[in-house]
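Chain nomenclature is as follows: A, B and C, assigned in order of appearance, with residue numbering initiated at 1 for each chain independently.
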Amino acid sequence: MNILLLILIIPTLTILALLFSKGKEQARLVSAAGMGLQFVAAFYLLFAFLQERAAGNTADMLFTSSYLWFTPLNIRFDLGVDGVSVALILLTAIVSLAGVFISWKMEDLAKEYFVSLIALATGVFGFFVTLDLFTMFLFYELAVIPMYLLIGIWGSGPKEYSAMKLTLMLMGGSAFLLVGLLGLYFNSTGVEGQHTFNLMEIAASGIPVEAQRLFFPLTFVGFGVLGAMFPFHTWSPDGHASAPTAVSMLHAGVLMKLGGYGCYRVAVFLMPQAAGEMAWFFIILTGFSVIYGAFGAIRQTDLKFINAYSSVSHCGLVLFAILMLNKTAMNGAILQMISHGLMTALFFALIGMLYERTHTRIVQEMGGLMKVLPFISACYVIAGLASLGLPGLSGFVAEMSIFFGAFEHADSFHRVWTILAVSAIVVTAVYILRVVGAMLMGPITNPEYAHLPAASWYEKTGALLLLLPIAAIGMAPLWLSEMIRYSLEPVIRQLGM
Amino acid sequence: MEGYSYTIWIVLLPFLVFLLTGVSSLRIRPQLAGWIGTGGILTTLVLSLYTAAQYFLASAPPEGGWPTVTPLDFTWLKFSDTLHVHMGILLDPISVMMLVVISVVSSMVHIYSLGYMKGEHGFARYYAFLSLFSFSMYGLVLATNLFQIYFFWELVGVSSYLLIGFYYDRPSAVAAAKKAFIVTRFADFGFLVGILLLSWHSGTFDFAALTNPDGSGIAEAASATFMGASVLTWALVLIFMGGAGKSAMFPLHIWLPDAMEGPTPVSALIHAATMVVAGVYLVARLFPVYHMSDGPALDIVAWTGAFTALFAAVIAITQEDIKRVLAYSTMSQIGYMMMALGVSGYGAEAGLGFTASMFHLFTHAMFKALLFLGAGAVIHAVHSNIMSDMGGLRRYLPLTHGTFLVACLAIAGIPPFAGFFSKDEILTATMHKNPVLYGVALLVAGLTALYMFRLYFRIFWGEDRRYEHTPHEAPAAMWVPLMLLAVLSTVGGFIPFGHFVTADHLPVGSHLDLTIALTAGGISVAGILAAMALYRKPSAQPDRIAESLGGLYRTVSRKFYIDELYQAVTKKVLFKGIAWPVAWFDRNVVDASMNGIAWLTTRAARAIKGIQSGQVQHYALSFVMGTVALAALFIYWLKR
Amino acid sequence: MIPGVSLLEILTVSTLMFFIGVYGFVTRRNLITILMSLELVLNGAAINFVAFNKYLYPGQPAGQFFTLFLIAVAAAEVALAIAIVINLYRRIKSVEVENVNTLKH
C-alpha cells in the first residue's frame, strides 16, 4: 500500500475509534495512540523518502499514485510528496501528538473535542500529501471547519465572536482561492488534452501569462489570508486568544503553514511568470508584515496576543522569502515554517500551562514564575530565544537562509526591504525579553503563586516533543535543509523558464 | 600540520558539561555541579596550554611565519550551491593566544566561584551557564569563518544575558540583562548586514579566502561603491558596529556598566577578560581585510577606540560603585586596544599596533580579571558595592590587598608589571601614526592611574569604618586564583609578544622606547600621587573639587546623560512613536475595517429581512404571484 | 366523455375551484379554513388530471392514477396538518395564523 495513504488512514481510523470510545480517559488514550502511530508513520515516511532518494530516485515527487475520482471534470485523487511536504508532514505529526498531550486534562465533551482536533489534523495531513488542486482545496476546507467548532465550543473569552471572525475571514480567503483554482483549472491542459487539477501536469504544460496575471494575486491572497498576511491577519490575535491551547498550537503550528505551503506550491510553482512580475507588490506587503507584527507585539499585554503578532511577523517572513523566488530564500521559508510551527506550538502550549495555573494571560499580572515553575519557565525562555533567532536553535537557521537568500538580489529595492526585515530581529528581541523579564523573572508578585503545581508528565512530554526538534534542527540543520533544497529544484526550473 | 585533533574537545567538553549540569540543574547536588564544571574547564585549560605549547614552543617559527592550522572543518549548512557555512577549528597565533586567555581566566573564575557563589540559590545553574559561555567563547575564537563567529557571537551574547540576569528576582538585574542583550543585538544587526554585504560580494565566509594577501577574495567588494565609499568599507564599518556593541565602544557602551548586576566572577570572566574583547578579536581576525580596504574603516576603529578610552576614563573617576569603576575602566582599556588596531599597519615594524593590541588584550585579561575577583573578595567581605561603605580594609584583607595593588600597578602601567609593557607598545604605535591620538593615549594613561588608585585608596586606606561584622579574608578557593592571576599580571609583560603574535604571522623583535616609557611612566606616577594626596587620608578635598566643578562634575557622574538619551529614544520614539501607534492602527483601522465589512453585511441583512415575516400566507401569496408571473412570462415567450 | 359538457367548462370549474382555494389560503386567518382552502386547490388540480385524461388521452390511464395518488396523499397531508394544528392549539390556545410567526428570521 502507498505509504501516503497510511498517513491519511491512521487519523481517519482514529476518528472512527474515537466515536466508539467511552469517557474521557478512553478518548484521550485512543487519540494519543492514534497520533502516536501517526508520529511513527511520519518518521517512517521520512526514512523511506530519504532511502528512496539515496537509492538514486530523482523524480520530483515520490510515492505518487493516482485515483480517478470524478470522471466528467477529470478530478483525481493524486498522492505524492517531495522533501518539502515530508518535512511539513513530520511537523504536523509532531505538533498534533504534542497537542493531544497538552489536552490531556480536557474535561467537557472530551470525545467530541478530540474528534474535531484530529479531523483538523487530518485535513492538514491531506493537504500536504495531495498533488491535486481540487483535493487540496477539499482538505483545506476540512481543516478550517473544525476550527470553528473547536473555538466556538471549547474556547474562552469572546469565543463566538472570535470563532465567527476567524472562520469568516478564512472562508473569505478561500473564496478568492476557489476562484484562483478554478481559473487554473480552466486554463490548464492535461496529458490527454482535457482540463486538469493535477499540479504537476499544470506545471508541465504551463498557464498562459494573461491568465497568470489574473489568478496569481487571487491565489496568493487566498493562501496569504491563512498565512496571516497584512492586512488580512486580524483573525489571528482574536482567534488565538479565544482558542483552547491545543487548537492554538495546531492552528499557529500547522494550519497557518498551509498558507505558506500553498503560496509556494500553487501560486509560485504554477504561475512563475506572474510571480516574477508581481512579487514586488507582495514583497512590500509581507515585508511590512514582518516589521508591523514585531512592533505590534511590543505593545500587547496578553501573552496570546503577543504570540499572535509575533506569528504575523514570522509568517510574514515566510511569504517574504517565498517571494524572493530563489532557492536559498525558499529553503529558508520552508525551514522557517517548520521552525515557527514548532516554536509557536511550544509557546501556546506553555501559555496554556501558565494560564491553567495562574488564571491570567496578562504579562504584568505575573512575575517571578521562574522560581516556582522552573520547567515551564525554562522552556519558555528557550522558545523565546528560538523566536528571536538564537544560533543553535531552529529559528536561526531559517532566518539566516532567508536573509542570505534575499540578499542574492542586488537591486536596491530588494536590499532595502531585506535590511528592514533583518531589523525585525532587534524588535523581536525587545518584545521577547520584555515578556521573559516581566513574567518569569523579578520577584514573585502574587503570594498565591508560591504554591503553583509543577508541570505534570503529560505537559512535559508535550513540551519536550516540540523542544527537542527545535534544538536538533538548530544544531544539525544540514540534512533537513538539503532534503528541502533538493526538492525546490522543480520550482526553480519553473521560475527559470 | 597534524596532531591537533584533540582541540575539538576544548570546544565540546564545556558543551557537554553544560548539557549535563543544565538538564540536571534542579536535581543535582550543587557542589557536584560545581566540581563537574570546574573539572571540565580545567581539562580544557590543560588542553589549551598544551595546544599553545605545541604551537608556539615545540618549534621555531617556520620560514613563512606561524602556520594556520585547521584541525577540523565540516559543512554545517549550505545556503546556495557556492555559499556554504562551515564549522571548524582554526589555529593561528591570535586564536591560540585567545585560547590561553580564555582558559586561564575561565578556570580561575570557576575555582573562585566555588567559594564566592557557595550556597547561592541556583549554584548548579550558574555552573551550567558558565560552561555554556566557555563553550561559546571557545567556538568564537576558534572560528574558521565569519559565519561561525556570528553563530558563537550570539551565543556568548545569550550566555552573558543569562549570567547578568542570574539573580533574576532582582528587577535591576533583569533590566540590565535585557539592556545588554538588546543593545548588543542592535549592534549585531549591523554586524549581520555587514556579513551579508561582504559574503555576497566575496562569495565566501572563509577567513583564509577573505584575508588572502593578494586581495582577490575581496576585490569585487572593494570595487563596488555605494554612497561614495566602497561596499567593502561599508561592510567593514558595519562589522565593526557589531564589534563595538560587544566591546562596549561609544555609543553602544551603555549596557556594560549595568551588566555589573551579574555575579562578580561573571563580570570578571565575561565583562572584563573575554567576551567584551571579542570585538577587538573580530577586528584583529579581519585585520588584513581592514588593512586592504582603502576607506576610512580603520580610522573609524581608531577614533572610536580613542574617544571611548578617554570618555570612559573620565566617567570612571566619578563613579562610586567599585564594579562600575572597573566597568568603565574596562571600556577605556578596550578603547585602547581598538585604537592600537586602528593605527596599525600590516607587517614588520608597521604592524606594531596589532601586536600591541593583542598584547594589551592578553595582559588586560589577567589584571582586569584580578581586579574584578579582588573586588569580589572585597564585596564578599563588606556586603556592599559602594566605596563609601569601605575604607581601611588593608588590615582585614591582606591577601586581597596585595593582589589588588599588583593589579592596580599593572593597569596603571608601572614597570615591571604587565600593563607597562603592553601600554608602552600601544603608545609607541600611536605616536608613529598620529600625534593627537598619542596625546589622548597619554592623557588616558594618567587618568587610568588616577581612578584606579582612587579606587585602591578608598577601599584599602582611608577611614576605617568600624564594620558591624569584622571583614574576613576570603576562603582558599577565592584567594588562590587571586594569587595566580597576580603572578601572571606581574610576569605577563615579559613575554616577547612580537615574536608570537603579529598581523602577518612573521615574528618581529620588540624593544622598549625609553622616551615613551619615561613619559608614560611619569604621567602614571603623577596620577597615582594625585590619587594618594586626595584619598589616602579621609579629607574633604575631593568633594570640594567636585563642587567647584559644579555642572561639569554632575554631567560626568551621570555618564554624560547617554543613558537618559537612549531611554528617551526607546521610550518616546520606538514605543510611543511606533509600537503604540502600530497597535492602535491594527485594532482601530485594520481590524475595524474587517469588522466594518461584517457590520455592513449585517446591516444589509437587516434591511431585507422584513420580507421574511413568518406569516405563511405572505409566503404563499408571493409564491402564487411568482407562479403567475412566471406563467405569464412563459406564455408570452411561447407566443413569440 | 360526458355528453354536452366540453373540456372548457370543466376546466372553468376546476380553475374557479383552484383560485377560490388560493384566495382562501391567502386571506383566511383560521388554520382549519386554510386547510380547507388547500383541499380546494388540490381537488381543482385533481379534476384537471381526470378531465385532461378523459378528453385528450382517453387511452392512457396515467391521469386517473395520478388523481388516485393525489387523493391518498391529500388524505395523509390532512391528517398531518390536523395533527399540527391540534398541537399548535394545545400550545398557544389559538388556531389564528397571525399568532404562528415564530419561524421568521
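In the analysis below, a contact is a pair of C-beta atoms (placed from the backbone, for glycine too) under 8 Å apart; a residue touches a chain by one contact, two chains touch by 3 or more.
Since this is a predicted model, take the numbers as computed values, not measurements.
Chain A has the Cα centre that lies closest to the mean of all protein Cα atoms in view.
When chain centres are set by their Cα atoms, the one at the greatest distance from subunit C is B. Subunit A and subunit B have Cα centroids separated by 36 Å. Distance between chain centres (mean CA atoms), subunit A to subunit C: 60 Å. Centre-to-centre spacing of subunit B and subunit C amounts to 94 Å, using the average Cα coordinate of each chain. Interface residues of subunit B facing subunit C in the complex, by the touch rule stated above, are 609, 612-617, 620-621, 624.
Those residues of subunit A that touch subunit B in the complex are listed here as 165, 168-169, 230-235, 292, 295-296, 298-300, 326-328, 368, 370-371, 374, 385, 388-392, 396-397, 400-401, 403-405, 407-408, 410, 418-419, 422-423, 425-426, 429-430, 433-434, 437, 440-444, 477-478, 481-482, 485. Residues 26, 75-80, 83, 147, 150-152, 154-155, 158, 161, 165, 168-171, 173-175, 177-178, 181-182, 185-186, 189, 192-193, 196-197, 199-200, 574-575, 578-580, 582-583, 586, 590-591, 593-595, 598 of subunit B touch subunit A in their complex. Considering their complex, residues 22, 25-27, 34, 97-98, 100-105 of subunit C touch subunit B.
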